[in-house]
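Take this structure first; my questions come after.
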Amino acid sequence: MKMVKVIGSVTSTVKDRGLEGFKLLFVQSVDIDLKGRKEYYIAVDTVGLGEDEVALMVTGSTAKRTDITKGRIVDGTLVAKVERIDLK
Amino acid sequence: MKMVKVIGSVTSTVKDRGLEGFKLLFVQSVDIDLKGRKEYYIAVDTVGLGEDEVALMVTGSTAKRTDITKGRIVDGTLVAKVERIDLK
Amino acid sequence: MKMVKVIGSVTSTVKDRGLEGFKLLFVQSVDIDLKGRKEYYIAVDTVGLGEDEVALMVTGSTAKRTDITKGRIVDGTLVAKVERIDLK
Amino acid sequence: MKMVKVIGSVTSTVKDRGLEGFKLLFVQSVDIDLKGRKEYYIAVDTVGLGEDEVALMVTGSTAKRTDITKGRIVDGTLVAKVERIDLK
Amino acid sequence: MKMVKVIGSVTSTVKDRGLEGFKLLFVQSVDIDLKGRKEYYIAVDTVGLGEDEVALMVTGSTAKRTDITKGRIVDGTLVAKVERIDLK
């Protein structure tokens, strides 16, 4: 999984029906110190995230295996809110 | 999903039959400010995009899961037109 | 497989049920000399790793093929502890 | 799909039987101006390409979905010859 | 496929049973002139490679499709020994 930060959202009305009903969040990869990298993705939210929250994103075929995204046209899904990071 | 901008198209007559009938768009990854990155892809359009329009591209196995690309030889599909971006 | 080093862990209570019960480790890609690269992942541990230990991580669909991760929402799994590296 | 240029070929007699009978082309990613990038791949040719020709390459699971590569041990397949590029 | 050079091996006794019995080679991506890049992988050998030999590596789901790796926990497999490279 990749650790990302929610930085916004995108709106699309003209889209494949496999994307209908999803909130599409704009996320940015973050480093170990939570600083943003220049890597951006649009991902489906399955856990109710707000702006600036840190999340785990699954990609590839795994992204369409959650209860919410099963069989949908999704290749990036936010599956966990990161509440604490413990580094040695 | 990746956010990309349509910058042109490619023509191919000698191709696998799994690609027949598709419009092949030339797209470029864009940053948060819609400036182009030096990453280019050829993708199948399923939503009717024009030049300079911004879209969401799915890749990998997801690209061949839309109604239009099912079972076809495609690993990059444009599935949504981005109409608005809201950043905090 | 990628060679990574365990550098910490993350805690998440709000998450997809496909991730429940897993220890989520924070790992960093390492070079041939075991120096860290600026590439970080969150991965599920299946072999009982401790901090600073070096492991092999599988990604993509393979990550959800171990006995422990079968059918779960995982795209990065630690499947081996690296005990020795022999270079010519 | 990625746009690549054919720059040569490789010969292998000791190989998995899933690769038998294929012509293995050495290809290089190209930019929008057809200049080569420092990214090289070995790909199976399904459309009869010659040196310096520009092609579309599919990767991942899609690469083993053409009539020729079905069920074979291939993760990069050339599926179209690019005859024309139209940029705005 | 990626072209890689065998530079060593790794030993692991604590590992998922899906990796048991495999020789795990340490490989490095090579450029067109066979110079190493700073990209390293651990891959399963199916063709009997020695150090410094150049090979083709398949990744992703293809890596677990050879007779030897079928159903195993592998995402990088060496499937061909490169004996000759012809560049224009």
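Think of it as A, B, C, D and E in the order they're written, each chain with its own count starting at 1.
One rule holds in what follows: a residue touches a chain if its C-beta (ideal position, glycine included) is under 8 Å from a C-beta of that chain, and two chains touch if they have at least 3 such contacts.
This structure is a prediction, so every number in the text was calculated from the model and none was measured.
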Partner chains shared by chain A and chain D (touch criterion as defined above): B
Chain D onto chain E, rotation angle from CA fit, given as a multiple of 5 degrees: 70
Euclidean distance of C-alpha centroids - chain A vs chain C, Å: 20
Centre-of-Cα separation between chain D and chain C, whole angstrom: 32
Overlap residues in chain D, where contacts from two or more other chains coincide: 60-61, 63
Graph class of chain-chain contacts, one of line, ring, star, complete, other: ring
Neighbour-by-neighbour ring order, given that chain D leads and chain E comes next: D, E, C, A, B
Touching residues on chain D, where the partner in the complex is chain B: 1-3, 31-32, 46-48, 56, 58-63, 65-67, 79-88
Chain B partner contacts - residues on chain A that touch it in the complex: 7-19, 24, 26, 28, 38, 40-43, 51-52, 60-61, 63-64, 71, 73-76
